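By letter and in written order, the chains are A, B, C and D; residue numbering begins at 1 in each of them.
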Amino acid sequence: MIKVAICGGSGYTGAELLRILLMHPEVEITAVTSEKSAGKRVTDLFPHLHRYAHLVFEPLNKDELAGKADLFFLALPHAASQEAVDFFYKKGKKVIDLSADYRLADTAVYEEWYKTPHNFKGTLKEAVYGLPELHRERIKKAQLVANPGCYPTGAILGLYPAIKAGIIDTATIIIDSKSGTSGAGRKAETAYAYCEVNEGFKAYAIAAHRHTPEIEQELSTIAGKKLIVNFTPHLLPVDRGIFSTIYVKAAEALDTGDVLKLYNTTYATEQFVNVLEEGVFPNIINVRGSNYCAIGLKVNKRTGTLIIVTAIDNLVKGASGQAVQNMNLVMGFPETTGLESLALFP
Amino acid sequence: MIKVAICGGSGYTGAELLRILLMHPEVEITAVTSEKSAGKRVTDLFPHLHRYAHLVFEPLNKDELAGKADLFFLALPHAASQEAVDFFYKKGKKVIDLSADYRLADTAVYEEWYKTPHNFKGTLKEAVYGLPELHRERIKKAQLVANPGCYPTGAILGLYPAIKAGIIDTATIIIDSKSGTSGAGRKAETAYAYCEVNEGFKAYAIAAHRHTPEIEQELSTIAGKKLIVNFTPHLLPVDRGIFSTIYVKAAEALDTGDVLKLYNTTYATEQFVNVLEEGVFPNIINVRGSNYCAIGLKVNKRTGTLIIVTAIDNLVKGASGQAVQNMNLVMGFPETTGLESLALFP
Amino acid sequence: MIKVAICGGSGYTGAELLRILLMHPEVEITAVTSEKSAGKRVTDLFPHLHRYAHLVFEPLNKDELAGKADLFFLALPHAASQEAVDFFYKKGKKVIDLSADYRLADTAVYEEWYKTPHNFKGTLKEAVYGLPELHRERIKKAQLVANPGCYPTGAILGLYPAIKAGIIDTATIIIDSKSGTSGAGRKAETAYAYCEVNEGFKAYAIAAHRHTPEIEQELSTIAGKKLIVNFTPHLLPVDRGIFSTIYVKAAEALDTGDVLKLYNTTYATEQFVNVLEEGVFPNIINVRGSNYCAIGLKVNKRTGTLIIVTAIDNLVKGASGQAVQNMNLVMGFPETTGLESLALFP
Amino acid sequence: MIKVAICGGSGYTGAELLRILLMHPEVEITAVTSEKSAGKRVTDLFPHLHRYAHLVFEPLNKDELAGKADLFFLALPHAASQEAVDFFYKKGKKVIDLSADYRLADTAVYEEWYKTPHNFKGTLKEAVYGLPELHRERIKKAQLVANPGCYPTGAILGLYPAIKAGIIDTATIIIDSKSGTSGAGRKAETAYAYCEVNEGFKAYAIAAHRHTPEIEQELSTIAGKKLIVNFTPHLLPVDRGIFSTIYVKAAEALDTGDVLKLYNTTYATEQFVNVLEEGVFPNIINVRGSNYCAIGLKVNKRTGTLIIVTAIDNLVKGASGQAVQNMNLVMGFPETTGLESLALFP
């Protein structure tokens, strides 16, 4: 059993970590922090976590926490995470950071999109981008993992085989994504009030969302050249799920069957990626609560366009589930431990 | 007062016609048909229409109906509408057809996408495509109006000014649309059962939806050359609304403000198109129950892409509201009669 | 045309007043107030109200407002409304108050349940409880109308005929009510965030809700003796609608048909109450956006219980629609003006 | 490992059994039947069950099935289950029947409410009503368990301690229940279509629901005398969850704290019943996907009424989860095996 602490546990990703880790046989939760809710019981905020009856939020006292755990999940707001990550990293702790602070290797890009300086460039160099399907071997050896953003996870997994195989025109990538409302976090804001979201649908942050450079960084690495993409997020009136519809020009005359074969081959040994049969396409309803990414695709022969659609649960494969997957890799546990449950449907 | 009959009144578009027409001062409903529900009261199927207490569904007996009304709304299934339209048309009646049967001028295209022959090519030639913003003057003089499909309405209104002005590369049009579930009609099918749709989101009919040629026909006319488009519909877990996110390459260096000016100018006198201010984007929640189309747009300078987003209520501007708008034009009533109510929010 | 001002227009009931009044031929809106949103356009908060393009929220400057309008709708928070009502009342203005401040005739009861003193007992005496089905003639002559609460409207209309006719045991009334989330107002609170309400259902304020004394006051008046009731509100994951399931012991051997006859007779001339046929029961979906109250009932012969179920739209018959109905009565307009539209379904 | 077959596996309860049993270390699924879907893969109907890639629905060939499994879950329609249960029972198999066919000990009551004869009275005598909190010791020794209905589970657990302790007037029980839509099963019916349920709420089967005699049977046993109850089910626009609001006259002057103490004592050793603290009440959102029943209560001192509220997931504690709990008891496995996961929130 390893001792695990969760810093920033009062949001949905924190609660989801607790939910998942309860079923993990190798983990003992020794601390959960929240500044705002310090002193409250976890069950005061999250009655569904009733089996953590004795767990109480504490403030993020780094020195004290360092003595309590071997591995730290950090679910802190962007920018706020920088220093905490650096602190625990330097104490020799394993760190899985769910913020964006250690995802972008180029601090100039980070500073441009997040409008804040990065003050821990040395530690940043040690971070591995925690998408196991791309960087499994590096993650296994990492002490610090930057857990991917929710949108990037679905987008990158959808594009990886096609870009790697060089079958698409990388100048024309369009990623039209739709996210459940839990992606916005647990916020007391009118914009996320029930009556403002229910029965609605809208685009937001058009041509300006912060996950854009993260997607571009990873796709560029795969392509071996700098890519830019059109990425448009939308808000779905559901709790969970990200659905991405991706449009790319085919570099040559492609056939749906051939592309599916390529995807199946690329992901043959992946436990958490399901490439669907020809004519079958994902629905977020079928991944809700699970760590799986479902992928379907079709070539539009009339327009010469490859259309890839992917679905994940933004709180699981898009956040806390992937964080546990990364922990498993970092600690040498079987990669699927604690993550094998299927989606809750309906 | 004109006498109006609704053929095929037991679906959502039929019910919506009844709801809207109740507030129309120039219209008297004299008959509503339904084969399956013949003999039942309208209120047996639709309790919300309680002010039509004495209206009973009758079978579609064309000869009998011809004596009952001056204008016919046909909300019959595709293919089934062909003959009924022709019949009432030849009887000298005004006809607003909500099916797809008289929308496509080229019967070869119709037959390819709808897999059924078109047997009334003579009458088809008389039909006017009922998008008032494009064809108002022809509609005013028409006896037969082919009411547009829901997806085409939102897509064409979003693209019309840009294509007409020649500011985009028409070879690269991508239309990513999301529709509320009422767009599927009132059906006893597992696929549209509550638990199968709620909390879900999926794409369907990828590269194969029948509204594709309808969109292409109208955009080609605007462009003055044959266009093909990528069109992907998705199913939204809401009752009403279609949201379209449209991506086009800019033909030249465009600025968001300039494009907005163009859109404002193009739609300056349109009562039912709202071009939103820079930085403001539509949400289907704000058009629900109304006949308005809201349009927002932004140029992505990094990628040279113009992103246009439009929102309509699929049952109103996308079907029954637009049908009433067309009736108003055909009959010489003020275009907005019966259609002035704002969206129901929340 | 009368000049109308809305004080406290930035919530859902304010927006709903604006939506309804746009279609009212006798009304001109001359002012809308909001402290928090003063200086903002109405459309900045409510894009669906785009036909009020030039209306701007102003602060509640009572002296200035007094010169602007003949009739005032007050949609201010409880307690805050007391003084404003008194002010406009004393200026000789017609006032429709949507708060609870002038609903309870007994200030001791008000002070017990609202935990705040009532400082305008003289003006309180002039207020008429604005449920037209009970107090129409008094409302017509009133200068100040206390618009009923949403829960009381559905509960009282459901019980009025039975209590008046003396056919039930008034000692055993149980009112189990379920309200859509808009009933909580437009609030930036975590408890009403989308993910906290969606897919959920809960009771709240059990045995402690402030609408209890209001229900008891009106039912006691009908019964001619003091009644107390069990009232339990619940939160429904829908935007609009209140459904009340009411259980009462039958005072004698009752038959469903006989009770329905009584209800039909009692409400025979009411425009906004629909007593449904035997075997038919209401659904909030069928009153959404309309000013109608639908009532169904059944006698459980096994247990000797009369079960009455009622449905209203909490923002319309439960708030703003009823306020307009009261305005119509106060001003001598036809009672249904502006309120005739049917429910938006689906 | 025991071999388990599921008869009637194409509905939501069948799918839920598969979802739960995948995580059960002692179970191997050897057959799943469906008449309508025979020959189809489980994943054709339920893509979320993708880890059952090779499982195919087969027809209910009883003789063949008898050789395939040691324990049978029967999720067949009412009446259809009678014979199949009898068959497997007589073959010496363990049977957990999720239908209503073996729940009512009195066949006259069964025949009155289900309008069909009971042809296996001998086998019926051997059935144990599978509510572990009431009948654990008998279930452990049973070969045939009649798994309780969803509504009865929540209602009986809410009333058991109060009736057993004799603190309420059992002549006045009112159970107002609200169920998620999955309770209606996986049906192609217009009444359960998305747009008919979404944003709606209604009562149904008022004073006539078939779960009434089941509730009365169990409560009568607890009370030691024959009881009748008012039970009203409602349809909630959510996937999962049953919330019951129960009203009973207090037999004596009760205090909320004392009643809570009684409930805590009664359920002290129960793993799946959570009695909440004073002032805290359940929400179906917090039991979704879990086997827990949450109970809150309050005494209304003004009216002398005890109000008990309970929440369960209708597909888990209300059906398939409880069926697995019963299997665990029957087989001698730890009672919580496979059932320990917490609710999925949000």
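Basically, contacts are C-beta pairs under 8 Å (C-beta built on N, C-alpha and C of every residue); 3 or more make two chains touch, one makes a residue touch a chain.
This one's a predicted model, so the numbers in the text were calculated from it and none came from an experiment.
Visitor: Under the document's definition of touching, what chains do chain B and chain C have as common neighbours?
Guide: Chains that touch both chain B and chain C, as defined above, are A, D.
Visitor: Across the interfaces C-D and B-D, which one involves more C-beta pairs in contact?
Guide: The greater number of contacts lies at C-D.
Visitor: Just give me the whole-number Å value for how far the CA centre of chain B lies from that of chain D.
Guide: Computed value for the inter-centroid distance: 46 Å.
Visitor: Indicate the whole-number Å distance between the mean C-alpha point of chain C and the mean C-alpha point of chain D.
Guide: Going by mean C-alpha positions, chain C sits 39 Å from chain D.
Visitor: Quick one: which residues in chain C touch 2 or more of the other chains?
Guide: 12, 182, 195-196, 198-199, 237-240, 282-283, 285, 288, 346, in rising order.
Visitor: For the complex, give me every residue of chain D touching chain A.
Guide: Against chain A, the touching part of chain D is residues 12, 15, 19, 22-23, 46-51, 182, 199, 239-240, 274, 276, 280, 282-283, 285-290, 292, 294, 340-346.
Visitor: Could you pull out which chain A residues touch chain C in their complex?
Guide: Residues of chain A touching chain C: 12, 181-182, 186-190, 192-199, 237-239.
Visitor: Would you pull the chain A residues touching chain B in the complex into a rising list?
Guide: 172, 174, 176, 178, 195-196, 198-204, 206-207, 228-230, 232, 234, 236-241, 243, 245, 247, 281-285, 288, 298-303, 305, 307, 309, 311, 346
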